[in-house]
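After this come two complexes, each holding chain A, first together with chain B and then together with chain C.
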Partner chain A sequence: MVATANSSQTAAGAEGRSPSASARGAYEWILLVVAGLFGIVSIWFVGTIIWQSASTFKSQGLYLLTGANWVPGAGTGLPSQYGGRAMIFGTIETSLIAMVIAVVIGTGTSLAINFFVPQKMKTFVATVVELLAAVPSVVYGVWGMLVLAPWFMNTVGPFLSSIPGGTAVLGTTVAGKSLLLAGLVLAVMVLPTYVAISREVIGAVPHELVEASLSLGATRWQTLWKTVLPTARIGLFGASSLALGRAIGETVAVSLVCGGVVGTTFKPLEPGVTIAGWIATQWGEAVGSDQIGALFALGAILMVVSLAMSVFSRRLVARQRRAAAVV
Partner chain B sequence: MNENMVNMMNALEDQAIVDPRTGPIAMRLNKVSVAFNGRVAVRDVTFDVPANNVTALIGPSGSGKTTLLRSLNRLHDLTKGAKVSGQILLGDDDVYGGAIPATVLRSRIGMVFQRPNPFPTMSLYDNVVSGLRFNGVKKKSILDAAAEESLRAAALWDEIKDRLKAHGSTLSGGQQQRLCIARALAVEPEVLLMDEPTSALDPIATQKIEELISQLKSRVTIVIVTHNMQQAARVSDLTAFLLMGEDRAGEQIEVAPTLKLFSQPDDPRTMDYIQGRFG
Partner chain C sequence: MTQLDHTSHEITSGEIRAHLRERSAATLRRRMLVSKIMTVLCWAAIVAAAVPLIALLIRLFEKGTPVLFKSGFFTQLPQQPTLFDQTNTGGVSNAIVGTIAMIVYATLASVPIGVIVGVYTAESESKFAAAIRVVASTMVGAPSILMGLFAFGVIVVQLKLGFSILAGSFALSVLMLPVLISSTEIAVRNVPTTLREAGLALGAKPSTTSLRIVLPAATTGIVTGAILAISRAVGETAPILLVIGGAYAVTWKPGDPGSALSVSMYQDVGQAYDSLKDQAWGIGLLLVLVIFVLSFAARIWAARKQKVQR
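Up next is the complex of A and B:
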């Protein structure tokens, strides 16, 4: 009885599921519409940014990239000056600081997780890392502002400035908030992302290569340095591109700890600004003036920089992959 | 028993049997056992490895051949929960005695693996000299000479001398395995361990490796694990036959000159195995 009921159900189900010509047509239509929507939104998005920033590009020209002053002219009778040098430098500097710290510490952590942490603890460590990667960036920002900034102001800053030549190279900090602190907070923020990926990349290095290396008389250190890391380098590069993408576009956390000053020296201990942070903090004042266009123009620059980096890293990965023919 | 084996064994019986262990000994195994997390995988293996000869470890899957081989160059050190007991001597040095660092020991005992494993990010040249570089050799003239010498010894020099800067992945499987042999030889080890070195290769590449093994024994002592009894009969001078015991630990059944083991084994289980009754 049961068998009969089942088989009749199956037959009915199969009949109901069999796609008729018109159903397939509708399915294709839905996909086309969805894909078309995506295309329209993309064009709309890029088009708006270009459209809104066009007047600034025209009025400021190269000054937008190299200029040091950001002075809206509204109400003063003077022409607006929108120089993006401080934001561009700030973005590059904080991202670089973040990447150096994150890649060094993150790669070491991933090697440790793969080769030195006992099997039982591995899952625990991996879970913690992945949880940290999911923490919203504003939390890192608040932590940086309330915990790290005072520490920078009272301890780290004075110490670094006291090193001979420290002030000349690094500057001095007043409130702790600085490009260096922003870079550090970014590093802490992107570390889990970097470790989550690099841990798997390093884990994917064939064990046979580790054994080959050791069987030639290599030390463990040599094996990690000369065999594991070179073999994993493509994946590690991918992990750092992703981390850099996160760092370069980070807004809230950075604007809480970078100091928010359009500086001219870019010394790490002094306050500064980044493109993303500046757009977010200036928005309120900009509405209704030509500053809106200038902020859009900064946004366009950030977009181009990110795009260029993405293309560059893809090319590099593809080229290395061809050269080494490793998958 | 297939006809080839019969012919081969008949041919073997006509020759005088010399035990290579009457000459110099490269390694001595004394009651060697390997356990993983308390579970014994190989128990109480005792035999001498004659210098400048080929010693084959044969036996069915699970008999502990590879496990035993990997204990000889302390490769189990990496595995958590692995414990090697008994004594292994390399010349007069105790492999597990602690007086010699594992890195020094492994440069004296080279290894070739089941699947060719050239370093994928290194050129052919860098692969061959990698062991020397690990051991601190930097001088280019020494590296160049060693690369050519060991590639010649591995019968690969003529095939790749014009493209030493290319990557290992551009070679065929058999060439890759000979590259790995050259890489191991460049460090000038006293003993070369080979773990089923032809199991991933086609018959022609296999034949080349077997010829190479016969040529190499004048410069290095070879211990080879093989599934293939014909291969053991063809290339080795001494054969150790292992079998999984009742508690699933590999045990040594018989160690004898290859000619003797394949023609007049002392143990009936050896006869059963070489006649293909199990395995």
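Up next is the complex of A and C:
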């Protein structure tokens, strides 16, 4: 956001040194060549992942997206079956749970930090939030596995199952490790990321708007709900798409708490798998067999999703900016 | 006025006013109630956000601190506990060396390239620069495990160099590159245009202006970005898990299979022995402390430099 805000300024600066564009010196050439190198690396990146997964795409076809079984054929004489339905559903389910929790609690937290927390404590809270955003995901995973999973097994799981219809909808948990637990751990993990940005975005809403709304007789909440949040929506959207990206791609934290079972029902309290988690847990035995190609194919799906999300959010933000500029 | 009041028997203006007052009082009461409830809910949100995170930190320090003070944690190789000697976990010296080695190699490889590309995207307005900008910001959000797959494809499959510290460093440097590019670009763009114009007005070549005036002014931002990229790489697990191979030996050699703190933590927690699970807490605490120190250093350094510039 900072970059785009300043781009017009630099564009003006660029006109001032336009003569240099025609006659590139050694300096300009070095910049261009190294940037070109980075471009090549990024193409190589995409190419390698696609190329490594090509054989699996060819042999599995659509089964890779819809198939329910993941059975390596090595040593059995049967053809390998690599169906990614459980991983894809698991990824969607855990990310969805995480995002609903993180966005609701995170937005409330950001509003509270900006409008209710005393001025003196604001810097402290902001620093803590940013430090927590830097805690490695494996730490969240270990905490989820050693602390939350037993709690889930003994308290939360039985409670949810005891609600009438709870078992039918949510399933029952055996060891605590489940898609719901993975979603919860992800929520706790992406919360600092989301709050770190949404706090700034909400803090950047002009104070005149807040005061105008209050002076018209709106209550505090009406001001927050009808003035502050709509004004900050572009930034909030950016924050949530960043958090969503983190949730979808998270590997180790999820693989420690999701249970690691290729299921068919996807009930939240039952164990499941996600794309990234499955790649990490299967990797050791996959090396040297055709399963490695299948894991690369899952990686390719992840890459396409992350790319699509990035393009989508970029276009949406650009469009909303244009709309905001017109108003 | 009085006549009007007498004639309109059904609804007087006073009655209308009273009615409106009553209604607005009712909505005001309702609005205030909603506002109060939502305020309480916002406070509840901050509590709901803070409680798990604080619980996590408390548990991490409580479980991890004794492990850090255990003799040999920093100096010994890991040991496999047995039924008869269940607390014999040894230390994590191999993982410490492996992590430091990978961070050093990855930093040496990615910082120069990242800074140069960042300067390029900040200074050039060409279509190519715009494309690089988009690619870099897309890669920042890409799942880190993809870097592991890429490193495997390049180092292990294409170059046949095997599972190694080199492959781990490669994955980490690809992870750090886009972060460095973005932070450098922002740092360079934040240098006031007037500085650059002053340099050009004095007759300096554009390249001289960039190298001698703009870059020094942007150093704080660039270094802060680099430290934050490093602190992100320190705790990263997924990409190196796929390619470093794992080793029970202390080695700095890029070609050897290596170990890393984050990977050891991930593997220890899956073991049956409680002593190894405790070991995982200790490694986690060490990682968090290192990362906190790094981010604090970046913060303090940036703040001090800003003061000096003023």
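Note that in this section the second predicted complex is superposed on the first by the 299 of 327 C-alpha atoms of A that agree within 3 Å, B and C clash if a C-alpha of one lies under 4 Å from a C-alpha of the other, contacts with A are read in each partner's own complex, and residues count from 1 in each chain.
We take it that contacts are C-beta pairs under 8 Å (C-beta built on N, C-alpha and C of every residue); 3 or more make two chains touch, one makes a residue touch a chain.
None of these values were measured; they are calculated from a predicted model.
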After the overlay on chain A, what do you see for chain B versus chain C, clash or fit? fit
Would you sort A:T219 into first (chain B), second (chain C), both or neither based on which partner it touches? both
By the touch definition at the top of the document, which applies to A:P206: first (chain B), second (chain C), both, or neither? first
With the two complexes superposed on chain A, say which partner A:S59 touches: chain B (first), chain C (second), both, or neither. neither
Touching A:P230, do we find chain B (first), chain C (second), both, or neither? first
Now for A:P118: first (chain B), second (chain C), both, or neither, which partner does it touch? first
Just checking: does A:S80 make contact with chain B only, chain C only, both, or neither of them? Give me first, second, both or neither. neither
Answer with first, second, both or neither: which of chain B and chain C does A:S95 touch in the superposed model? neither
For chain A, which side has the bigger count of touched residues, chain B or chain C? C
In the superposed arrangement, does A:V34 touch chain B (first), chain C (second), both or neither? second
Nearest approach of chain B to chain C by C-alpha atoms in the superposition, in Å, rounded to an integer. 6
Under the contact definition given at the top, report the residues of chain A touching chain B in one complex and chain C in the other. 219, 222
Chain C partner, complex, touching residues on chain A are 2-3, 6-7, 9-14, 16-17, 20, 25-28, 30-32, 34-39, 41-42, 44-45, 48-49, 51-52, 104-109, 111-113, 115-117, 127, 130-132, 134-143, 145-147, 188, 191-192, 195, 219-222, 224-225, 242, 245, 248-252, 256, 276, 279-280, 283, 295-296, 299, 302-303, 306-307, 309-310, 314
Mind listing the chain A positions that touch chain B in their complex? 118-119, 206, 208-219, 222, 226-227, 230-231, 233, 323-326
Tell me, which parts of chain C touch chain A in their complex? 31-32, 34-35, 38-39, 41-46, 48-49, 52-53, 55-56, 59-60, 113, 116-117, 119-125, 128-129, 131-139, 141-146, 149-150, 153-154, 157-158, 174, 177, 181-182, 185-186, 189-190, 193, 196-197, 200, 205-207, 209-211, 228, 231-232, 234-238, 241-242, 262, 265-266, 269-270, 277, 280-281, 284, 287-288, 291-292, 295, 299
Chain B - residues contacting chain A, complex: 73, 75, 78, 80, 102-104, 106-107, 110-111, 113, 115, 117, 119-122, 130-131, 133-135, 167, 169-170, 180, 183-184, 187
